[in-house]
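Both complexes shown next keep subunit A, but they swap its partner, so subunit B is in the first and subunit C is in the second.
Presenting the complex of A and B:
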């Protein structure tokens, strides 16, 4: 049902980029409204303005920085964030239709662990390093529930191929009978993209964490990678839980875009509404609540499938 | 044709980054050079159409090496990477072991009568490989898995600084655990 397209390789980064800019603009608007700015519309252009500024800004240097690893961090994050969407179908087209597509998606998300730590390490700055370690320390608390909900969706379809998961939702979307998995998926997507309430790695209490010393084009690439990672996560929610391109009237590719936009907007909005969750709190919530909940959900789905 | 090209790219990349592990003067770089080497190796697994295994190697190696880097920095002699360091120790001994291992493996490659098969490629190579490796020995694999898991749990229990008696009191009669850090479940 899903056909692979070669030209999708060119189109995919463009679509992801547009979604990322849109998400950043929506985020800036929400921030401006929360700050009481009277004309929040002009705030929507703030991400583009700051992107242009970062393009011409000179790099800030730090003493004895590990430049190779530092620069690599942003690029690795951006490339992996784009590659994560390789297996995400747009309507009935996908760039790659791997037999283990879900695992591929997860593997590319995990690259963020390395990227964030590298960005924290490379600067040779304490606050950066603290930010990097914060993310790694939370890594398993984010990844394990995420992995279990991906497994749950795959269980429901009996296949790791994204196309099969979409096909299995012909009659009933997975979100209807796996609500716990869907909720945890959204939560962990925010966490894996270290945004929203899970922005401890880049939060203000450590002067921006891994972003503390990042400047100029490096900062732009890193931030772009982070937004694209969030977009990739939101886009994957559509084939996994929301029936892919299924929907009345509109063509399937448009439905995919609409659903992705809705999920993304919800994620950005939630990220602005909810205050940063302290690490030790989320660690316990993740291990004591989310992991058992996702395991029970997986058990329920397995029983239904059998 | 392209498969051969990619294979040699992965093979050369794996060896070069593997050498880099012992040439760089920072633990962080050594760790990520090792990660790159593993990823190139995963590329060769993908080449023989073991998609699931190849991607799983990528996934696990990234997770593993990021956790590893924390420990590499913690335990090695030059944690900050600010002073020149070397990854090479016991040079004569390790050289002997390395050359010996290489010689044994290389002769093995040329001496073994590798099986050739004209059977068509199975539809799901990962499944076929799993069956071939574990099919007749499933019971042993299950027992092995349990033993490994029990070892992990036992190690954590032995290593943990605070047990349930510290948290719930000597008679385990505390309602709320006495933890130095508050968790998130409202206790």
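Presenting the complex of A and C:
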């Protein structure tokens, strides 16, 4: 059973923030190891150092920028990324136990779509705009398979409430009999947080795309939002497919944290091992492979449930 | 122009027919002369419609002022290092930061004179990792395909993937060790064909195409110094 807690509202951003910093540090460590840097501990602190630098950096301006929308983009991304985790249970506690929790999660993560586009649009710069429309195209590729796998998990439990989905996995975790849905879910989490290999919206070939003109606090907030979105996506994999807080010996909240950390680390690690997947190629594989595969998975689950 | 709406004092984009005969906004976007992982001095002036490069004009700045001193022709600059450098640039633009970082590290080790016996193993391991990637062929096949003519330098034939694999394979070849001037012969040819290779392609592949042609603008200044 999941109980809702009021103090969770205060705790949730802290936990997400710690995970986000941890993920960024892990990412920086992997990058340093590839580059042959001999001091990995210092590399792990690189994200914090650059965050401090961004805090004091003066904002760059661009000509005729849509300042309101541009500045709002980072805040919207960060807030949506935090709100997406509102329905994710930590052990048997959750901030919100909505009857349509899965839909809430999906809705918040689509708000992030708008945020990234606004960041690309607002700067009034060619490369930012290119990054923005790359992300919209990316959305066309990952969103449908993503929604189908969310539906598949909900089908398996016969409910859109996240607590019911966890309860339905008491005997068998969904990852065991919905492996395709789980794999596609992880892919789509990487894509929605536009991290590697789905980082075409912010890739170096267009000077950082959406990030090209973002500077100072705006850039910090936007990047933080991106990491928190990745954390929120990784955390939701636990109640959807990995049995929530279920596990031997340890308390359920600790199991949730451990599983989240493992999923997050796997995502960051895997994302660095593959070159950036360009939109036209992602579109192709999404519509030709991922959508049919997720539909077949949903069909299989429906038949089992009946 | 007077009655036209100006965004921050800059005129709005003009329009022209696109490849399907539709009238679309046309944006003039220069690439270069200074970009990370970009041949210094190279300028590609593109006319973009949407994501498609309708027209590309190529120019190399500063040839006349150069001293005719090419980095890769100086003594002690093994060909291996140059191929690692070219591979690192292409891999980085393809978004594979870690494989690119390893290539850069190996390049620096070759340039600082790390003994062959010590570095051959790591280079082989890196090469195997690059050749094993299944995503790379999927992303690079057909990108930057150059016309197959007798004048095409052998080192540049094929597409971005064949060129990358050629560098990787040459690195594994123990006979490759010293710079030979003829390696650079590709650059003037590549600068000539670049507009035709870029036109009609998407902006997303433009940087990949340029990186895969391994342009060394220094070599143009050397030629200039020799010829006139």
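To be clear about the criterion, the second predicted complex is superposed on the first by the 306 of 306 C-alpha atoms of A that agree within 3 Å, B and C clash if a C-alpha of one lies under 4 Å from a C-alpha of the other, contacts with A are read in each partner's own complex, and residues count from 1 in each chain.
As a working rule, a residue touches a chain if its C-beta (ideal position, glycine included) is under 8 Å from a C-beta of that chain, and two chains touch if they have at least 3 such contacts.
As the structure is a computational prediction, the values presented were derived from the model and not from experiment.
Undergrad: In the overlaid three-chain picture, which partner chain does A:46 touch, first (subunit B) or second (subunit C), both, or neither?
TA: Touch status of A:46: no partner.
Undergrad: Which holds for A:199: it touches subunit B only (first), subunit C only (second), both, or neither?
TA: In the superposed model, A:199 contacts subunit C only, not subunit B.
Undergrad: Using the superposition on chain A described above, determine whether A:277 touches subunit B (first), subunit C (second), both, or neither.
TA: both
Undergrad: Thinking of the overlay built on chain A, is A:64 touched by subunit B (first), by subunit C (second), by both, or by neither?
TA: both
Undergrad: Of the two partner chains, subunit B (first) and subunit C (second), which one does A:144 touch, if any: first, second, both, or neither?
TA: After superposition on chain A, A:144 lies in contact with neither partner.
Undergrad: With the two structures laid over each other on chain A, which partner does A:31 touch: subunit B (first), subunit C (second), both, or neither?
TA: Second partner only.
Undergrad: Quick one: classify A:21 as touching subunit B (first), subunit C (second), both or neither.
TA: neither
Undergrad: Is A:99 contacted by the first partner subunit B, the second partner subunit C, both or neither?
TA: The first partner, subunit B, only.
Undergrad: Just checking: does A:117 make contact with subunit B only, subunit C only, both, or neither of them? Give me first, second, both or neither.
TA: first
Undergrad: Could you list which residues of subunit A make contact with subunit B in one structure and with subunit C in the other?
TA: 64, 133, 277-278, 280-281.
Undergrad: For a test of understanding, state which residues of subunit B touch subunit A in their complex under the given definition.
TA: 26, 28-29, 32, 35, 51-52, 55-56, 58-59, 62-63, 65-67, 69-70, 81-82, 124, 181-185
Undergrad: Show which residues of subunit A lie in contact with subunit C when the two form their complex.
TA: 30-31, 34-36, 63-64, 124, 126, 130, 133-134, 196-197, 199-200, 203-207, 272-281
Undergrad: Under the stated contact criterion, what part of subunit A meets subunit B in this complex?
TA: Per the touch definition, subunit A meets subunit B at residues 64, 66, 68-69, 98-100, 103-104, 106-107, 110-111, 113-114, 117-118, 121, 133, 136, 139, 143, 160, 277-278, 280-285, 288-289.
Undergrad: Using the touch definition from the top, list the residues of subunit C that touch subunit A in their complex.
TA: 7-10, 27, 29, 35-37, 48, 51, 91-99, 101-102, 104-105, 133, 135-136, 138-139, 202-208
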